[in-house]
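To start, I am sharing the structure in question, which I have written as structure tokens.
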């Protein structure tokens, strides 16, 4: 009988611990914070996130497991956690100005964002289905609340409800998958499951196992918004407060991807030849549907929603191509994807002033004249999303397609490539609005929030840096997948 | 000897000066131009003298184009042939420059005119002096360009602009053939330098290749020298100022084809079929255009058609292997035909632009010099002893006969008769009888100013003596002995032929002379003694008359032919091509336009259409798929459930 | 002794019923109940497995406990959301709540 | 057939029936009540599976907590027993098909896939060890879930509370 | 072998970007400063580029002025710049035309000056990068970077349907290039698996030979790995060139682009395609190249004639010239795939020529557009009365693009035709038709705009060219004459590199490619210089007519 808390475990899980402490601190300080002056809570939470990030990075190294082998802090987890924390920091930067603009004066917003991040970090580190499930739910529940945070906004309520119902359904599905695995192997640890299955011998064609696999694929597919489990995405993206949308797009989907990778690669690698086919199809569907439907959108948040669906499609290519190249490609692309998507949403917030919500593509009309810098930043994000060099998006795509080609999935690559051409079409609609139409006489108001500008700058710089000098990031991604199996 | 490089360079200098500062020095442009051509004429003469002294030159200035095993230098060749040509060109050119001073003096494009004229001199001299086919081609295209510019000199006149373009494009067709000929020469002999090519010539290659080469070259010649069927542009070319017609379309450029054939004689000698073809085309052209000339009423057009027919004689000669005679005729013809044009020009000048001979007449008194010189020229052209034309034409006919080309020879005789007739029809119409133009013009009739008159006189002189001086006795005159080394093969045959049948030669000469006189007599009968006859005759033989008047409806014929070919797909491109000729001419060629419209449409609809179709499909799909997004959460859940169901089914039952 | 399979079938049925409810109830709260049914089904499986599998460390039951807790939390948040929504929409029928579509 | 089996079948029937009622009852309040019965049935089955502690948790949390919440929510939202409104949406038919198919597949998979591993080990009164496990091996989920509950609580308060700022 | 100590190529390539930075510092109002900065930097990079031909070693086929630094070691990507006889003239052309482009936008661009010149300069950097890059990754980056500013130049400063044209241009080219990306990856991994060294370095990728054994047969045509990769490159380059079925973006882009845009588009961007072919397809995939020669030849002949015929009926000057580019680039392709010295060198020199003369033609149109704000031929006519200088320059440019001997156009077309002829006289015969058509439509255009009476009163008051405007055209014309009369400096510098490429292409059984002689570049390369007196390629009885059948398009 080990004792409840031993310092070793705690120090291994230090980042999570710190983050949760910060979150609770925020919640408490919220009570004493004078009304109308709650920005500093935001800055404080950013500090907390950065602190966590530093601690995290200093933990880099050999995998350490803790809490009787349910929690593992290996490079794979660390990589994703870095992505989450960076996203969280950027999102917090965005939200400070946004909340002012929306007249929301609540410190809980920051707290909940931190809780969601915490959940994601748990997911990334989980090597036991139980932790995984709880992390998932922590993230989801926080985001349910965040999505409904603008209580006066009917669309916000609707988004929250839809997300909640679908989320509940999907977690039930995931649970059923988990229970099947448990029933087959009597274990909930991923490694144990794998060994249990191999011990079981000829179980690979076992219908219960197949059922479990499908259920898990469906449940995770919901979290990462893969077609056909993607349908809530546009509505929720549109309805939720923009920073929350960013959180969904840049963090929660990636977290889903993290557990997807971990479970399928560690727990049921034996079924690889089965689920490769599955994700091949899913990836095709996802990127095609995403890109095609995005063309018809006039609301930029919906458009970005579909574009994020499409990007999930690209990300799945990596999973199909498999270890090690494909997986590391996926990791690299998550980083790029997070940065550029966050940037795009930050732009939406930048334009969200007064009545103009910056959500219609027309709201971008003439931005280039109003503020060349902002337009340039948006241009960078869009080009990166479209995969035009020299941007992060290009490097990521190159790496992904490369992995696919190397494994001989030429057709997948070709279709992906065609898709990225299609995607250019709707991204350029925004560019046209920004550059090629004249500023409306009414002018164009921009949010004055400084932290938001910082976020924009960071995102743009990151996108460019990865695009121009991707070497270190590639190595990072490669190192991260090394210890995965 | 290397002075020869100055011969083309001087006119080029003139071009540069006039071209750059023409706008400044307007009225004094002629100083530069005339002095340039004059000097180059002088230099040419010096070089010629040296050449007569037996010197030759084959000088590569620098390597122009050198790629892999292909090289073509910029190089000059001076041998008797090119020397003669050079002299003729510079001399006639110079005279015409002088003449133009007066003729063009009050034109607003004065400087421009002389620039073009010098440019032409330059190109023509390059053509003549080149020591390889590629450089010759440069000159070849250059003169084409100049004729384009000069024909279209009065570009405000639509007809002029059209004529210019017609000339250029028709020439281009010929040039295409020429070009292919060059490629074939090069890929056969591995060089384009005359020296190398002719050295490499050996019958072992079989006549096929030679025939191919020579025919391709001849296509070029037909275009340039306005032979059937590519002669259509020359009559229209009369839209240009008269000195231009004299210089380019009588004396020099149009004879380039002949020169080229003569230059390539080693190839032609090995291609009997081509030779016969050349001869036949020449003979036919001679008669064909002569007949048209019978009824034309535009003074310049008559001369133009006569030019075509004289060119026909030259080709007949070349075809008969009598290259020397061909070139000889080229020279003499240059003199008297230039003279005719200049004469015509001075007539038009004094009639303030009137060109219709039915509105002339009785100009003898008014402008004696013009009249006299014109008479001489006509006699020469008609081939009357002992004028220049007689000797050269007689030689050609004789050689043709000796060569056994009986039919072409007969055609030649017919041509001679017709020539004599239409020349004197023209002469009588213009200079004798009463003046038929409107009165106020009639009062201002005047002889042309001296700077126009002198060239006439000089040319007249040469038209008289050239033959006797250089061409007597036939085939062994100064000229022949001079050029002999160039054509030795063909020449020797001619020599011993001459020795063999000196008597028959005299007889032949007498015959052609008689025919010519007959023609003159008939003309006299028609236009002096009984002026009512021609119209009566025209009435009687209306069909023939119209046929000739409308130039055999050749243009219309082309239309028809090309339309039919155009229908035929395998002739498709050729059809387009030819249509473009006339199409470009009269601004609208329905076949090309139709085809082009078709392709343009195709471009818009099919090729582009496909792409747009794809785009539309995507757009449409986008709208459809979008509709699935009903906004009702349970539909989404259902979709999810269906997805699960599908996957399970697939895995459990489809791929177990 | 009841064979394991019976429990499995039972929970499967319960799960299915829940799923049907989630797919068809118009009332949002009804859907929440249906979801609870599904969670119960899963729990039943967990417990059954942890009883029937040899050499188990009660992971099944532990898991079930957590599932119950999470379900409770989710229900609480869900009801809060529904209440807030009701304030604005004056209805809780999900098929009338589709401002955002296409 | 032994007593336990008999009990099992009765309970199963009871639970399923209640569940059906939950889904199909025309009055949302009725389905809430039915839900309570379902929970009880499941709890009873837990006892049948020697998981008394879990049964207790089930009753306390679900019956005591969630159902009450649900009933409150129902009271607050739906006008009392709205008559005549249809309770199922128009995709009920196809949903029934799909759900049945899925059920069939699940049953098939369970029967074919899960091999009953011999006879179960003798029942052990595990409550004590459960408690210990929760605070030792499973301390991390335990802590994590507490944070989850905190988040949920905060969120629920924020969403449910009427902001004073405006109304 | 970088004769200079400092990285001259990078200097040339990045000077414009430096200019962009400065331009951004200049306030929007001081338009003059912006213009002059742009001019200064484009000029600077042109002057710097003059260094290249001066210090270029014509004797070797190796890359010169090479710069290579490790960049992304984990992917085997290096920053690798170099120059050889093929790229050098295109580089010169680029820097040259960029200067012209800046000058010709001097007054015609009025709004959003800063961005305009910024994009123009970025574009220049992109183009230079494409020509310098010897690393596929680098190449691809520049290749795409180039698109963006062009897209903006068309879309922002273009005319009527600019949005449509811009997006069309972008989508077409991007589609092509992403397909090429797959091809690049394919050879990258193949080379990696062969040698164990994963690299994007062009020169090293060229060292291995890619399998040419058929993988599958489609419609009776066998396809090998090489063929597929070749096709993926082909698609990208053919769209850029543009070759017949892929050309429809060109007229729109040209018509709606601003003058400088059209000039650079026609002058340089189109060359990217042909450059790609000669730099990648020919040397890397010789078997595939030979396999596809008939297809390319047919397509290019179609382009030649088809383009020319479409020109005939264009009412819009710019559109007409755009289609004429299709025709001219057809010549380029034809020459290149004759796969012999004359053809390839001809096509390279023709790229330069087309850049000069078509660029100049677009300037001509731009000049008249600035004055009259129309491009419709029917609106013009009789201009030469009003603007003689303009008419003269126009005439010279027209002649050069018609291929009149003594001007640059002729050199290129002649060499191309020689090259084509020695392989198959039928090709040459068809291509020659293109020349005649070319004369027809060009003269017709000239006549309709310059000649005839000056009816349209709007044209009555047109001013003739200003010195600035002349300064854009005159340099081009000078170049035209230079290349036309003394091309040796240009040809000699590219000879070695071309030989090298041809050796690679024809290395196996050249007989199949060209019995009549181009084959001799391959094995007997050295012997070419050897024979002083005109080299007969093979014994007399092997003249092309005899050798044809084996060459008829399969």
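Going in written order, the chains are labelled A, B, C, D and E, and every chain counts its residues from 1.
As a working rule, a contact is a pair of C-beta atoms (placed from the backbone, for glycine too) under 8 Å apart; a residue touches a chain by one contact, two chains touch by 3 or more.
Fair warning: this is a prediction, and the values are worked out from it, not measured in the lab.
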| item | value |
| --- | --- |
| Touching both chain B and chain D (chains) | A, C |
| Chain pair, B-C or A-C, that carries the greater number of C-beta contacts | A-C |
| From chain A, the most remote chain by mean C-alpha position | B |
| Chain whose mean Cα position lies farthest from chain C | B |
| Per-chain CA centroid nearest to the all-protein CA mean | E |
| Whole-Å gap separating chain D and chain E, where each centre is the average of the chain's CA atoms | 72 |
| Chain A-chain D separation of Cα centroids, rounded to whole Å | 31 |
| Distance from the mean Cα position of chain E to that of chain C, given in whole angstrom | 66 |
| For chain A paired with chain E, centre-to-centre distance based on mean C-alpha positions, whole Å | 44 |
| Residue list for chain E, restricted to those that touch at least two other chains | none |
| Chain B: positions in contact with at least two other chains | 626, 629, 631-635, 637-638, 641-642, 644, 648, 652 |
| Per-residue overlap in chain C, given as positions that touch at least 2 other chains | 8, 15, 18-19, 22-24, 31-32, 53-55, 62, 66, 70, 73-74, 77, 81-82, 84, 94-95, 97-102 |
| All touching chain pairs, where touch follows the definition stated at the start | A-B, A-C, A-D, A-E, B-C, B-D, B-E, C-D |
| Complex contact set, residues of chain C against chain D | 1-10, 12-21, 23-27, 29-30, 32-34, 36-37, 40, 43-44, 47-48, 50-55, 57-58, 61-62, 64-66, 68-77, 79-84, 86, 92, 94-95 |
| Complex interface listing, chain A residues touching chain C | 129-130, 133-134, 137, 141, 144-145, 148, 151-152, 154-155, 157-161, 164-165, 168-169, 171-172, 175-176, 178-179, 182-183, 186-188, 234-235, 238-239, 296 |
| Touch list for chain B against partner chain D, complex | 632, 634-635, 638, 641-642, 644-645, 648-649, 652 |
| Chain A residues within the chain B interface of the complex | 161-162, 165-166, 169-170, 173, 205, 207, 210-211, 213-215, 217-218, 221-222, 228-229, 231-232, 234-235, 274, 277-278, 289, 292-297, 422 |
| Parts of chain E lying in touch with chain B, wherever the complex brings them together | 172, 245, 247-248, 251, 305-306, 309-314, 340-342, 345-346, 382, 384-385, 388, 392, 399, 404-406, 410-411, 414-415, 417-418, 421-422, 425, 428-430, 432-433, 435-437, 439-440, 443-444, 447, 450-454, 485-488, 491-492, 495, 499, 516-517, 520-521, 528, 531, 533-537, 540-541, 543-545 |
